[in-house]
Structures are given as C-alpha cells and as structure tokens.
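Here is the structure we will look at, set down as structure tokens.
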Amino acid sequence: MSDTTAPQGWFTSLANPTRFLALSGRVLPYLAAASAVTLLIGLYMSFAAPEDYQQGITVRIMFIHVPSAWLAMMCYSVMAVASIGTLVWRHPLADVAAKSALPIGAAFTFLSLLTGSLWGRPMWGTWWVWDARLTSVFVLFLMYLGLMALHKAMDDPARAARPAAVLTLVGFINIPIIKFSVEWWNTLHQPASVMRLDGPTIHPTLLYPLLVMAIAFTLIFFTLHFMAMRNEILRRRVSAMRRQAAQSIGSSEARP
Amino acid sequence: MMALLKRDLAIATRSGGAAMLGVLFFLAVVAVIPFGIGPDLNLLARIGPAILWIGALLASLLGLDRLFQADREDGSLDLLLMQDWLALVATVFVKCLAHWLATGLPLVLAAPLLGLLMNMSALSTGAVMLTLLAGTPAISFIGAVGAAIAVALPRGGLLVSILILPLAIPVLIFGVSASYAAVTDPDPFWPPFMILSAIALFFAALGPVAAAAALKGASD
Amino acid sequence: MMALLKRDLAIATRSGGAAMLGVLFFLAVVAVIPFGIGPDLNLLARIGPAILWIGALLASLLGLDRLFQADREDGSLDLLLMQDWLALVATVFVKCLAHWLATGLPLVLAAPLLGLLMNMSALSTGAVMLTLLAGTPAISFIGAVGAAIAVALPRGGLLVSILILPLAIPVLIFGVSASYAAVTDPDPFWPPFMILSAIALFFAALGPVAAAAALKGASD
Amino acid sequence: MQATATKLKGRRGDSVLFEDVSFTLTRGEALVVTGPNGAGKSTLLRVLAGLLAADSGRFTLAGDDGAELPVAEFTHYLGHRNAMKRELRVSENLAFWQRFQAPESGRGLSIDAAIDAVELGGVAHLPFGYLSAGQQRRIALARLLVAHRPLWLLDEPTAALDKRSDQLFADLVRAHLAEGGMAIAATHQPLGLDAVRSLELSGRHRAASASAESWS
Amino acid sequence: MQATATKLKGRRGDSVLFEDVSFTLTRGEALVVTGPNGAGKSTLLRVLAGLLAADSGRFTLAGDDGAELPVAEFTHYLGHRNAMKRELRVSENLAFWQRFQAPESGRGLSIDAAIDAVELGGVAHLPFGYLSAGQQRRIALARLLVAHRPLWLLDEPTAALDKRSDQLFADLVRAHLAEGGMAIAATHQPLGLDAVRSLELSGRHRAASASAESWS
C-alpha cells in the first residue's frame, strides 16, 4: 500500500501521451521524407558499388543484411531501455514504446536471418548452420515472437506491461552474446569489420554505401516506431473510451 | 455445430493464439536440440524427423487437458451434455476438429521451415509433413478420450497425458518410421504410412464415441 | 513452509502421479530416437547423454504451467500473496522444491533405465544422473518465472514453455558437456559441472525472486 | 405441456439425499425447492436436467398433445456456474448459445433485446471476464431469454445479485410463466414470486443400506 | 488496534470505481460495504487486503500501542473463491491454513472445534470437493477461526448459505467482534449484525481522464 503517483517533472510532461501525439505528428512527415531520400541514395550507391572479387554480385546482399542485423539488435536495446522506464518510472508511454517496437524488431531480425540464409547458400554451401552467431540471432527472433505472444495473450495491456518488461530485460543478455559470438567462439560467420575499435577494415567502396544504408534503416526504424506508437496510443484510447461508455450506460440505466 | 466450431476457434485465436504458440513452441524445441546434440549437420538431418515428431506430439499434449476442462469449469459442459447421444458425439467430434485446426494444422504448415533448420532434405521434409498431416489428427482424437476421462479430476492435466501417451506412442512410431522409410532406400514408405492413416481413421471414429461416453459418465 | 511442501506433495501424489507422467514422456522420447538413428549402437551410446538431457528438459515442461494456476483458480494464491516479501519468496521457493520433488527427481531416478536402452556405459549413465540431479532443479526454478508470468492465462502451457526454453539453454549446454567430459578422456568433468551447479544456484536464488515479483504484478 | 416427476430418488456416495420426490407442473407454474445446505437441492436439479442419473423414479415432459418430449432439449439449466467464456465478448457468448440451443425455432429474444432485458445495455462488446460477479450472473440469465425453452431449472439464480436485480429476475420469471413456461428453482432467498408451489428437502439423509444399493 | 483508510482511490482499467474512501475502524467495530453490482465492492476489499494497488491513498493498521502493523499478516481475506483444494480432505485443508497463517501464535480454534463451530461436525475426513456449495462456504468460514487474525475482510460471505447458516455466520462475526476483532464485509444481503457502520459505493464511475492516469 504505497503512494504510486508518478513523479511530476519535465521528463513526465515530455513523455505525456498527448504531447507525444502532437510532437510526433509534426516530426513524422520530415522523418518519413528523410528515410525515403536516404534509402534511395543508399540503394543507388549499393548498385553502383563494384562487385567483390571473391564474392561476386552476392556481396550486394550485405547492404541489406548488415544494416538489418544492426537494427535488430538496436531495436531490442531500445526496448530494454523502455522496459527500465516501465519498471522504474511506471510510465505508460514506456510500455507503449516497448510494445510497439516488437513487431518492427521481429521484422528486422527476420530480414537479417533471411538475407544471411540467402547469402550462406552460395558462400557456405548451406542455408543454415548452427553456429554461435546464427543461433543467437535465431534465439533473438524467438524472443521477439515470445514477447509478442505474451502481449497477445493478456487481454489487458496494463497487466502485460510489467511481466513483459522483466522478460525483456532478462533476455537482453542475448545482445552481447550476438555481438561477440564471433570472437568468443569459432564460427563460420564474418568477424566484425566495421564496428571495431581499431577502425573499419573494409574497403571504402563498400563501406560508404553500407553506412548510408545503415542510416536509412535507422531512419526507417524511427519512422515506423513513431507510427506504431501513435497507433498503439490511439488504440488504447479507443478501447478505454468504449469500455467507459459501456460501463456508464450499464450502471446508469440500471440505477436511475 | 458450426457455431461450436466457430466459438472454439475464436477462443483459440483470441486468448494468445494457440496456433501461433504451437508453432513458436515447435521452433523453440528445435532451436534447443543443437545445443544438446551439437551442431553436426549430418546427425541433425538424421534425427530431424524424430525431433519434429516429438516436438509436434509435445505441442499437442500441452494444453490438451483443457479441451473439456475449460468447459467444465465455467459450466458450459453441462449444457453441452444436455443433448441426445448422436448430437453429443458430433459435438465432441467438432471440438476435436477445432483443436486440431488450432494446434495441429499450424504445426504441419510450419514443418518445412523447421526441416530447413534441421538441414533435412526436401524429400524428408515432405515425408514428415505428410505423416504429420495424417498423424496429428489422431493425437487430437485420442487426446479427447483422455481429456474426457480426466475432466472430473482437478489435476487432470497430467493424467490426460499419462492416459494418452501410451496410445499416442504407436502414432509416433509409425509416423517416424514412415518418415524415415521415405528417405532410406530399401524400406517402402507406404506400408507404415497406411498403418498410420488407418490408426488415424480408427481413432477419428472411436475417439469421439469413447469421449462422449466418458463425459456422460463423469457428469456429477 | 513445511506445511506448504507437504500440501503440494500430497496434491501431486494424490491426484494422478505427476511423477509417472514425466517418466513416461521421458521414455517415449528416448524410445523413438533409435528409429531415427537406426540400430547403430555406438552412435546411440554417443548421443545418449544429449538425448537424455533433452528428454528430461522437455518432460519437465509438462504441467509446469499449473504450478501457480491451480492455486489461482481456487483462490489460494490470494492468501499466499498476503505475506511480506521475504515470506513470499520463500513460499515460491518451496513450491518449486515441491515441483522438483514430484517431477524432476523421478526423472533422475529413471535415467539409469534409459541409459540401458541407449546402450550407455555405467560411467556415462552415472555422469548423466549426477548432472540431471544438479540441473533439473534449475529448470524448475526458471520454470517458476514463466509460470508466474502466465498465471492469469487460461492456456498458459505453451507460452510458459516458449518463455523458458531459451533461458534453459545454458543448463542444457553445461549439463550435456559435463556428461560428455566424464567419459571422453582429455576433458575434465568438474569445470563444466561446477558451472552447471553455479547456474542452478543462481537460478535458485533469482527464480523465486523474479517469480514472486511477477505474481505480485499479476494479481487482479 | 406438463412436467412430471415420479418417485425420484437421488443418492450421493452412500447417502440417499431424497426419496419419493413426486410433483406435477403445468404451464404457468413454478416450483421452489428449499432446504438447508447439503440437503440435495443442486443434486435434484441435476437429476431433473438429466445430468445425473436418478437412483430410481422418472422425470418426464409431455407436450400439449400428450406426446413425450426429450427433457434435455426443452429445458434450460442454470447451474452455479455461468457457462460463459471469459475471453469472448458478451454478445459472442450469447450468440453462441442462441445458435447452439435453439437452432431453428424462431422464438427467443435477439441478443441485444436480452441484454437490455437484464438492464446491461452497452456491455455487449465487453469480454465476459471484465464483468463483476453480479453482472456476470445477469448475463447468464440473459441466456435463458435468447433461446426459448419452456422449462427453466435454476440453481440459486439470484446468488450475487443486488436488490434491484432480484426484482428484475422475479419479473423475468413472471413473464416466462405468463407466456406458458414453467420454472423450478433451488434457492435460499425468497424469489419475490407469488403463488409458487414449494418443495422442501429435509436435509436428513439415510444411509443407502440394502446391499445392492451400495455400490451400483 | 485501529484500521484506517485515507482517501483510497481504486481503478479498474480506465474507470475510477471509488475515490476518497476514508474510514476508521476500532476494536469491536464492523463495516458493511454495499452498492449495486459492479460498484467496486470486491475491488475495494482486494485493495484493502493489498492484493491490488490503490491508485492513491493508504490503508493502515495500527496496534494498540500505535505502532504500524503489516496489514497482510493481521488480516483474513475471504474472497469469492474458497481457497481450498478439492482433492484434499477438509481437515487437511484447514490444517494447512492453520499452520500457514498462524505459525506460532497459539490463538485460534483447533480444526475439530472450528468444524463444529460451523456445524459440520463429521465432514472432516471428506474430500473438500464432495461438499455442497453451502457446506464449502462454511468450511471456508471455518478457516477464519483456526488461525486468529484481528481483521476480517469478507466478500459476500453468505453467498450460498441457507438461513440457519446466515444466523450462524452472524453469531461467528459477533463473537469475533466481541473478542476485540474487526470486520469489513461486502454484501447484498443483510448480515444480521446490529450496530454496524456502513459504506455505500454509488456505482457511478468516472472515466480516468488525466492523460498520465490513462494506461499505467
């Protein structure tokens, strides 16, 4: 039995759903335009890039594969941060953020699995191997789906929020495993060549399109995430209003 | 009866999508296997059909106990029992069908993806799909008998599985051996598959009758 | 707390043997593998420990979802929740313990029989038993977290398994590798076994706390 | 239409709860079963509904032309539990029972009319599990209205109802009787019905003694 | 000993069921919570028991010396469900709760005495699931007697009880109050207690409006 009023402050007012709706409504068009433009530039650069002397044309898969793999991990990190928000500040918007990131993250993970698999066929001669990197990404995919199932199973979003946040945080341990699996274990998969402490080891003609694509994917992620959050907020409002209306009808008619 | 089918499917999809859960569970089981066996692709391909079948059996078992118990707990079962005998058998049949549509069929459809992960050949995957298609309904129908017997027991869940596992094991064995027969050369695929289908048909006919009788008897 | 342990064990033994079911399922899993592998005794002996571990993991999943749900349905859970935090954690711990005694321990005891079926050496069987003895409690403790999260869901069974399977992977990995290390010569048995025990202890400490938190949150 | 019970005898385990229960009910009549806790009221209703086998005796339903009708298909049974799915909407629950319990006969209210009749207009689209105990019981009563069946068997129908809803319930039963229906209710509380017949179960149980009786 | 509620506010989903609920109860006093179906009586009791978090406000228990006591450990909660295992015997069920809820304090009746107090002597060795609805409820009441706790929270305690047992229940509560206990009961039926305070929930709900309130 404790006082559970949310702390009032600039953070709270910033994360106020109404204000978020207004703010994101203004930002969204620009964000969407920026993602479209960057994506077009990135695609152009990807196709203009020279073919790899070893891998031939299949190297172009990289421009999709690597950014989506990065985004899959980033999206989970965003969710983990939001989960801390849910558990510590109990702010409803944090839960909205975590929940609406789920399908997007699952989609990026799927894309990275799919492109990796398509790439693996010519490079390794098989669609799938159970090495550490591939398996840990697969487990990430399962965790996205499991969390989605959890949300779907609870009819009341308020009740799903905290268990889902706990689970998201427990599962975060998988992210460093994905990142460092190539170094900790002997795997078929490429070791990191871009995000390294000693600078990228990849040729600039491939590096620049990759970076532009990564920026484009990030922008796309934020565009989609904002849109999904707006939908989720509106969805919760609609259901709240419907239930409200129903209850007032039910009780007022029954008791004049 | 269509109303019942619709209701049961609605409940299955509404409350956390039984279908999606089954497939996810299946994926999770398959993902766990290489951690135990090791990432040896040849070995995985060899035990693949068995793993897929075990996963499907387990996925069908989990939650089977609720087939009638959920209806009993909220009192619906009493109303379902207030029908004449034929209608009751039809009701049980429809409930089994809904259970299979919600949990068995998605497993069959997910099998190719899992076959890929287990490095199984296209032929082998196809054989597993075919045997699952014939075999999973049998599990639902046998399951109904167990679920009906255990409906009055508070912790029926486990008991259901105990009752039906021995009955389900022949299904498992013929399913697995038909899957292997399809890929290993000397063994013919059709004999075990025909036996599997015969078992499935037998249970489809017997299961609902036995389950209806058990339900009538268990009413208290 | 002893009262709770006694009650849960009484319920488990009174109403249709949770223990027996786990063992039966375990048997079924182990029995179908030879169909996949073929009668190659050496291979069977080689993958035996892995199969035993996978079977034990899957068998522990059966019935795990009812760990708290039965108490919720009859209202007992409300009274269990009306305790201070430490007592609640202890309560969850005791419930896990009862669950393990009723389902995990019988699996450990059944392992030698299955080892025989898999043509495993005495040493190898002993190693599997020892690792199962250390590892299965960990599964019960992680399982409690999943069961607590899914306590409000009518069809929690599959969801619980999906949520906890990925978390159980480390237990599986170290359990299997310790079992192998015991028989293959250069690898020492103790380091992976110590890690396994450490994981079990870690989950024994963390699981009840996380499950208690989830139960508190799910109360409505 | 006429419902006749002849020398019904009901047993639970080894004790005989009631013996020689006989009554006749015709259109427009109601019977209230009373008795202390454990007297066997619920058991009697379940025997009447055909959910439990009577130890001996018969309960039959005869049409207006004297032909015997299958009891189960002309009877609504409302037990302690509401027979509604928590995860489905109120309207879906009622629609299911309407289709299931009255496949063709056009009689019976529409879903919305039935919900209005129990004064819960507006809850139709809520999941059943969201309702409070009394609201749930009222929706369970609405089920009796969506599919018309002449005989109602009601086990503690007003449990969890507030005073106003008790009144509402009495009105519903009265309307059902006025239309030529029949009702048998087990209850501890006065139902607010006038001119009903009553049957009191004593609550004194006899051990089933004759050896043949003991474990059949 | 004193129980104090200050400005309790309770919410379900998006509607505020009650606000500003304040009361003080001292030894020997009882409070009856009334209101139409769905008013929020059960919700209030669950908030008081600590099973649901209040939206705001506090409920505290103070000992005779003024020190604050943990509510959960000095309170019996009796909900809609009986918290008994169907597969265990009545005596086993009660013995479990006795050991669990009152580990050392010697106060509280023995199992047999409690079963006699609810006038069900003889059922001790039956599995709980064999009892009738009213008998089950009476055994659930017996639980309050085997372990002594000063504050009783009762949600529709007399549901399914016959008239004689209603009387019995009133006597039990009166004895509890006379011994210096306190009781808060939500009910639709008069409990047969005299001189109790009462709290009426209106059943008119307000939408949780402020945006931050809306989905936490």
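Think of it as A, B, C, D and E in the order they're written, each chain with its own count starting at 1.
Operating definition for what follows: a residue touches a chain if its C-beta (ideal position, glycine included) is under 8 Å from a C-beta of that chain, and two chains touch if they have at least 3 such contacts.
A quick note: this is a predicted structure, and the numbers were derived from the prediction, not measured.
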Chain labels contacting chain B and also chain E: A, C, D
Chains most often in contact, by C-beta pairs: B-C
Longest centre-to-centre distance from chain D, chain (CA-based): A
Degree value of the rotation bringing chain B onto chain C, based on Cα positions, nearest 5: 175
Whole-Å gap separating chain B and chain C, where each centre is the average of the chain's CA atoms: 23
CA centroid of chain A to CA centroid of chain D, Å: 54
Centre distance in Å when chain A and chain E are each reduced to the mean of their C-alpha atoms: 46
Chain centre separation in whole Å, for chain B relative to chain A (CA means): 35
Overlap residues in chain E, where contacts from two or more other chains coincide: 13, 36-39, 50, 80, 85-87
Shared-contact residues (touching 2 or more other chains) in chain C: 11, 15, 73, 153-155, 159, 162, 166, 169, 220
Residues of chain A touching at least two other chains: 139, 142, 145-146, 149, 153-155, 243, 247-248, 250, 254-255
Residue numbers on chain C that touch chain A, as the complex places them: 145, 148-150, 152-153, 155-156, 159, 162-163, 166-167, 169, 210, 213-214, 217-218, 220
In the complex, chain D residues that touch chain B: 46, 49-52, 70, 72-73, 75, 77, 79-88, 92, 95-97, 99-101
List of chain E residues in touch with chain A within their complex: 13-15, 36-39, 50, 53-56, 58-60, 71, 203-205, 207-208, 211-212, 214-216
Chain C partner contacts - residues on chain B that touch it in the complex: 12, 15-16, 18, 21-22, 24-25, 28-29, 31-33, 35-38, 43, 46-51, 53-54, 57-59, 61-63, 66, 70, 73, 150, 153-159, 161-162, 165-166, 168-169, 172-173, 176-177, 180
Of all residues in chain A, those that touch chain E in their complex: 1-6, 12, 16-18, 90-92, 95-96, 156-158, 236-237, 240-241, 243-244, 247-248, 250-252, 254-255
